[in-house]
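Which chain is which? They are A, B, C, D and E, in the order written, and residues in each are numbered from 1.
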Amino acid sequence: MVIPYVVVIILFSLGIYTVISKKNLIKMVIGFTIVESSLILLLILIGYKPSGTAPILDRQYEIVVDPIPQALALTTIIIGGSVTAVMLALVIKIYKRYGTLNVDELRKLRG
Amino acid sequence: MSKINERLKKLHTIALVVALAVFLLVVVYEIHNLDNNSKRYLSEHYISEGVRETGAINLVTSVLYDYRAFDTLGEATVILTAAAILSLLVPVSKATMLGTKFSIIVYQTTKFSIPFLAVLGVHLIFFGHLSPGGGFVGGVVLSIIPILLTITYGVEFSESKLKPAKKKLVEDIGAIGFILLGLLGVVTGSNFLANGQANFGPGNTGELISAGLIPYLNVMIGIKVGAGLAIIFNSLIKEK
Amino acid sequence: MITPGLLYLSGALLLFLPITNRIKYIMSFLITAGALIVTFYLIPGYSLELDFLKYTLVPFKVDNISKLTGLIFAVGGMAAVIYSINLCSLSNLRLIFVFIGSALTVVFAGDLFTLYVFWELMTISSSFIIIMASDVTKKTGYFYFLVQLVGGLSLLWGIFLQYSATGNLSLHAIEAGLPFFMIAIAIKLAFVGFHTWLPLVYSKAPFYVAVVLSIYTTKVGVYVMFRLLSGINILAYAGLISALFGVVMALRQKQVLRLLSYSIIIQVGYMIMGISIGTEEGTTGAIFHLVNHILYKTVLFMAVGVVIYTTGKDSFENLGVMGRKLPLTSIATLVAFLGIAGVPFFNGYMSKTIIKDALHEPLLKWGLDLMSFGTSLIFLKFIYYAFFKKSTINIDKKPAISMQFGLGFLTVFMIVIGINPFLLENLTTINLGINYFDKKHLLSGIQPFLWSIAAFILLKKYVVKNYQRLLYYDGYRKMAKLFVATGYKLSNYHDGKLNRYLVWATSTLIVLLLLLMF
Amino acid sequence: MEAAVWVIILPLLTAFFLGISKLYFKKILFPLVTGSAIIYLYLLISVSTNSYPPKVYSVGGWGLLGINLMVDPFAAMFLLIIAILFLPVILFSLKYIKIDKHDYFILTYLMIGGIAGMVLTADLFNLYVFLEVTSLSSCALVAIKKTDKAIEGAFKYLIMSTLGSFFILLATILTYHLAGTLNMAEIALEFKELPFKLKSILMALFVFGYALKIGLIPLHAWLPDAYEDSPIPYNVLSSGLVMKAAVYALIRVLYIIFGIDFLSESGMLAIGVFWGVITFIIAHLLAFQQTNLNRLLAYSSIAQIAYITIGLFVGTDGGLIGGSFHILNHAIMKGTLFLVIGIFYYSLSAINIKDIKGLGYQFPIISFTFVVASLSIVGLPPFNGFITKWLIIEAALEAGFGYAAFFILVGTFLSLTYYLKVIVTLYTKTEKKIVIKDPGLSLRLPTIFLGSLCIVFGIVPSLPLSLINKIPQFLLDHSEYIRILLGG
Amino acid sequence: MINLIFNLLMIFLVITAFFMVFTKDISNSVIALPVFGVILVVIFVILQAPDAAMAEAIIAAGLTTVFFVITINKTEY
């Protein structure tokens, strides 16, 4: 089970790359969602046990996957969604003020 | 000259990201080399004792609303914060939307699906401790109702049916209710947000009224999250 | 026992009360007089201990030398406050009180921590005196504060080195961090190369501020040097060089206050020489010279202040109002002149004699004579403009009574010390065994003065000339420019582009990872 | 020890009730806000005075299975800072904030709740959640004026801070994967056997994430932007509490989870000290260039926090005491400075250095407070900044970081250059007739209160030091902390 | 069998992510967002995480996409 981890790393790096190099504000926010998704995937992955069942114990199961990372993943999803929403609201505001989505135009604050 | 500069910058960025990826690969490689199967006694405890201790079959719910309920309070606060920010950025009075006329099928489907959504959401909330779902997911499903209303009928209609102030009130009541339910633990002589430890009568495992306070906490979080996301959506769409 | 410094500091606090002018006068007089009396009755050997942080501090410790220095500081404080009370605003008076109080506390400090704290407090209060004094002194105050802070910080660094080497903060000769102590004291003493603040401040600031500052700033430096750095023989040459530089510079000035400030550099040269000999005779001579110097230099500053007050300018021509029009000022000026020139039976003579006796190297002896000669020459120029050159300038207003009073008060002291030089010895219970009025000492004392009169008559044309061009080169200005330019360049990198910031951040992460991995 | 959990939920509850009052009873804002702030003050003081020996509060009563709150002297010191700053700032804002008053207070209370959570929690993921609460509400407060600059600053802040959060989250997840638990004490025990390389990378991720929120150079670029056009009472809390909370969390994570031995072995201590030195030198140079007072103070905050970083990374008793004390002192000093600027802004909307010309004569007492606070922040005796600077320098010298100690003195000189510039401008007389809106007592009193603390803590440092002296005992040797947290 | 599907899904995930990042038109990348989310949901289900899958489906794939669409709607006019 190494491939999923590699995928997580690729997604994470891709997200970071998007954030630091793309000029479009919406692209940057998309980058953040990619990073966040990769982290959630990582959480689910580390909780997974081969041939385990979901942590809903209506019967007695042999192997049950770790419930804690799933709970953490839920929290992370919610937090990520909220942060994305705030970011997008700010993006809209910025577009109204500056008339552009280019990061390089946000230069009223400097020095 | 500037072109070369651009290239160099791009190269720099890519090099940085590749270096980051390499470091993370090293981490994964190192972790892979470790034998860390024995270190999950916390989750093993949850799995073996969790149902007995909390009364909830869905262990994720029992972690979210009992063992680590404090986290849930925190993330509920995050949603509330986001909702507060969005309603701050968009003043209440401006309620116009870029209108698009849909065909009659859309309106009918919306009308038709709203009861289903409501039932689904309530089911997810109330059976959160028994099956997948729970306050968060159910709340989000509930929040889709006003969103659908807004999309098909426009903001004015949606907000005349569900006033923003009401939603805000519901959200705050949800948050306060969560804390008050948590304080019940203190009242009964245990700790804050105590549930399994405070003996609220876990009931018969697998029944609807069981697992102590977890269903009620689920309800609180459900209405809170639902109202919060609806506020977030409406604020975003009202933004001129 | 209450410390006189504390008295002044609490006086500054008392002045915050809403008070009328009359109560202000009475209160200031009471405080200054009280401080003088308290200082007079201090018992040498007394010390007070105080626990602070994890150290045991000695904020108050009395011995003979510190008592004498404190006494002259209290006298100077009284005279200065009386002199300037009419002129300065209430807020400035408060600052002056803080300044005098912290100077007095430095004198009685028994450990390096207290010394540093009040040394820095002196810097702060004096800087604010200058900044608040008038609108033209803002930049001067800025510069002064920065320079003094450099001194204070190098003192602090020296203290840290000393503390980590010896493990305690007690006040005795320095073992580690000597260069930093030297820089600190050199800045306070306005040593050549570090002197630029002194003429600038004393000539730009209002004259009553210059009076107060001239009493304490450099003298505290001398006192601390006596405590920490006495007996480093090589410094005697440094003092000589500094003094000769002062002579040359003083001759080229066209402002009287500037002349007086360079003359401070010369006088401090004497004290440096005395202290760096290190023998009891030398250090005592230096401290006695400090006493005398405070007396006559303050009188000179006050006299020039009276001239500025009455005529509004401090060019040499304006000195011509002395003589009949300002009788008391003129007498005081003459006494001070004779004192500073080292004429027997005036106060400067005795301390110069002691220092001269303590010197053994012929080069230094010769240099000392040269310094005396230069001093007399400079002040002959002063006297020439004041009394001999015809002048047509009239006084606008009469000097205030309080100014005259402060001036007279110090003049009396000068005359008393001049006639009975053993007074100081008795006060400190030090017996140097020097007979001041035997033929040998008298001759060697009067000689430079006579030579200087001869030289003045011969070279009058050059000496009294009003030099217009000033030798002015400030290396600090270049450093400041470099500092500003670097900052400007750095702030240009903050051009508001978010991508750039993010790339910085990621690069930092990679660097951090690399550093921690390998 | 119910009080410990109340410290977190009281501000949250207040925020929720404020949300309701915004909709239906707007009148009760004042009693609600002040009443809650006063009760909160009492709570904070009672918790922080009961902090020795440290106490554990288990949320939900699950012990090691759930989330634990821990009140040790370091946390108590931080709560003390909240106690000192919070009530004055709230009183100040009640008059200062004019539009979006309710939202401002809701977000402020949420932020304080988040900070209190960060301070008290002993659980790694909980720390992340509260960190997110704090940075999100803090970012909202930046944007509250809704001007171009405010929105832009908030966006930059949010982007940078989210980037940091993701790295912290990544490190947290990996930590859980390696240790199988999220309780700091248990993690610390598990981490003792981990390979060196793995630990180093994890630590780098943590350090990077938190350093982004602290604003160490070159991760600082968002910080002055976030300060420039935000409400000034918020700036007090931001520089006094939000940035410090990140420092606090970093120190908690490093000292408890990784332990001092690993820190010195891996060279993190040396890196931290070096980083601090670079940071404050550059920040001072940049601060001199600023014309906007908010930006100037922001750069100064970066520099001061670098001093704190040096103190805390020196890794000795003295360093920890000095660094922690400087957290307290800097909060007080910078709070005073910002509140004074706030009064100037309130009275004549002066925010650039040239606008405040001559105000020293219009507001004598306020300006005097400004002078005191700025001299204190420069580090001159007899004010409190000097005491901590002395402690930090001494600790750095003792631990062999002589260059850091020396450069702190250089930094003192550099910081005087720009503060003195401001002071001199303040006292320069001007011809221009100034129209002034009277700030009134409710703006003056908090300012003067904080300013007087500068002098009090300078002359009697033993007041807070009696608490702060106990900090190293539980940080430097984490076994004691672990023992108490594990309930042994 | 399930392994093969899982690995294929992983590859699809990466491809979608790359498409999202490198496509020129922003609407395209926003349209790819729910696809990305749905693939993640399936992966979560395979990894036995129904709760997380549901939350991801509704929030990440649903609501967040709606937010993005609104944003594009508001900004491109």
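Keep in mind that, in the parts below, a residue touches a chain if its C-beta (ideal position, glycine included) is under 8 Å from a C-beta of that chain, and two chains touch if they have at least 3 such contacts.
Everything numeric here is computed off the predicted structure, so don't read it as measured data.
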If you take the chains that touch chain C and keep only those that also touch chain D, what is left? A, B
Out of curiosity, which chains are bumping into both chain B and chain E? A
Farthest chain relative to chain A (centres taken as mean CA coordinates): C
Centroid check, CA-based, most central chain -> D
In terms of mean CA position, the chain most removed from chain D is C
If you tally the C-beta contacts, which comes out ahead, B-D or A-B? B-D
Taking each chain's mean CA coordinate, chain A and chain E are separated, in whole Å, by 11
In angstrom, rounded to a whole number, how far apart do the mean CA points of chain A and chain D lie? 28
Provide the C-alpha centroid distance between chain B and chain C, rounded to the nearest whole angstrom. 72
Starting from the mean Cα coordinates of chain C and chain E, work out the distance between those two points in Å. 77
Touching at least 2 other chains, the residues of chain E are 50-52, 55, 59, 63, 67, 70-71, 74
Among the residues of chain B, pick out those that touch two or more other chains and give their numbers. 13, 16-17, 20, 23, 40, 42-43, 46, 58, 60, 68, 71, 74-75, 78, 81-82, 85, 89, 132, 134, 136, 229, 232, 236, 239
Scan chain C for residues touching two or more other chains and write them down. 491, 494, 496, 498, 502-503, 505-507, 509, 513, 517
Of all possible chain pairs, which ones touch? A-B, A-C, A-D, A-E, B-C, B-D, B-E, C-D
Please name which positions on chain D make contact with chain C in the complex. 156, 159-160, 163, 167, 197, 200-201, 203-204, 207-208, 211-212, 218-219, 221-222, 224-225, 266-268, 271, 282, 285-286, 288-290, 371, 375, 380-382, 386-387, 390-391, 393-394, 397-398, 405-406, 409-410, 412-414, 416-417, 420-421, 423-424, 427-429, 461-462, 465
Touching chain D in the complex, chain C uses residues 52-53, 116-118, 120-121, 123-124, 128, 131-132, 135, 138-139, 141-142, 145-146, 149-150, 153-154, 156-157, 160, 163-164, 483-484, 486-488, 490-491, 494, 496, 498, 500-502, 504-505, 507-509, 512-513, 515-517
For chain A, which residues count as touching chain B in their complex? 2, 5-6, 9-10, 12-14, 16-17, 20-21, 47, 54-58, 64, 66-68, 70-72, 74-75, 78-79, 81-83, 85-86, 88-90, 92-93, 96
Residue numbers of chain B touching chain A in their complex, please. 10, 13-14, 16-18, 20-21, 24-25, 28, 32, 40, 42-43, 46-47, 50-51, 57-60, 62-64, 68, 71-72, 74-75, 78-79, 81-82, 85-86, 89-90, 130-132, 134, 136, 206, 225, 229, 232, 235-236, 239-240
In the complex with chain A, residue positions of chain E that touch it: 6-7, 10, 13-14, 17-18, 20-21, 26, 29-30, 33, 36-37, 40, 43-44, 47-52, 55-56, 59-60, 63-64, 67-68, 70-72, 74-75
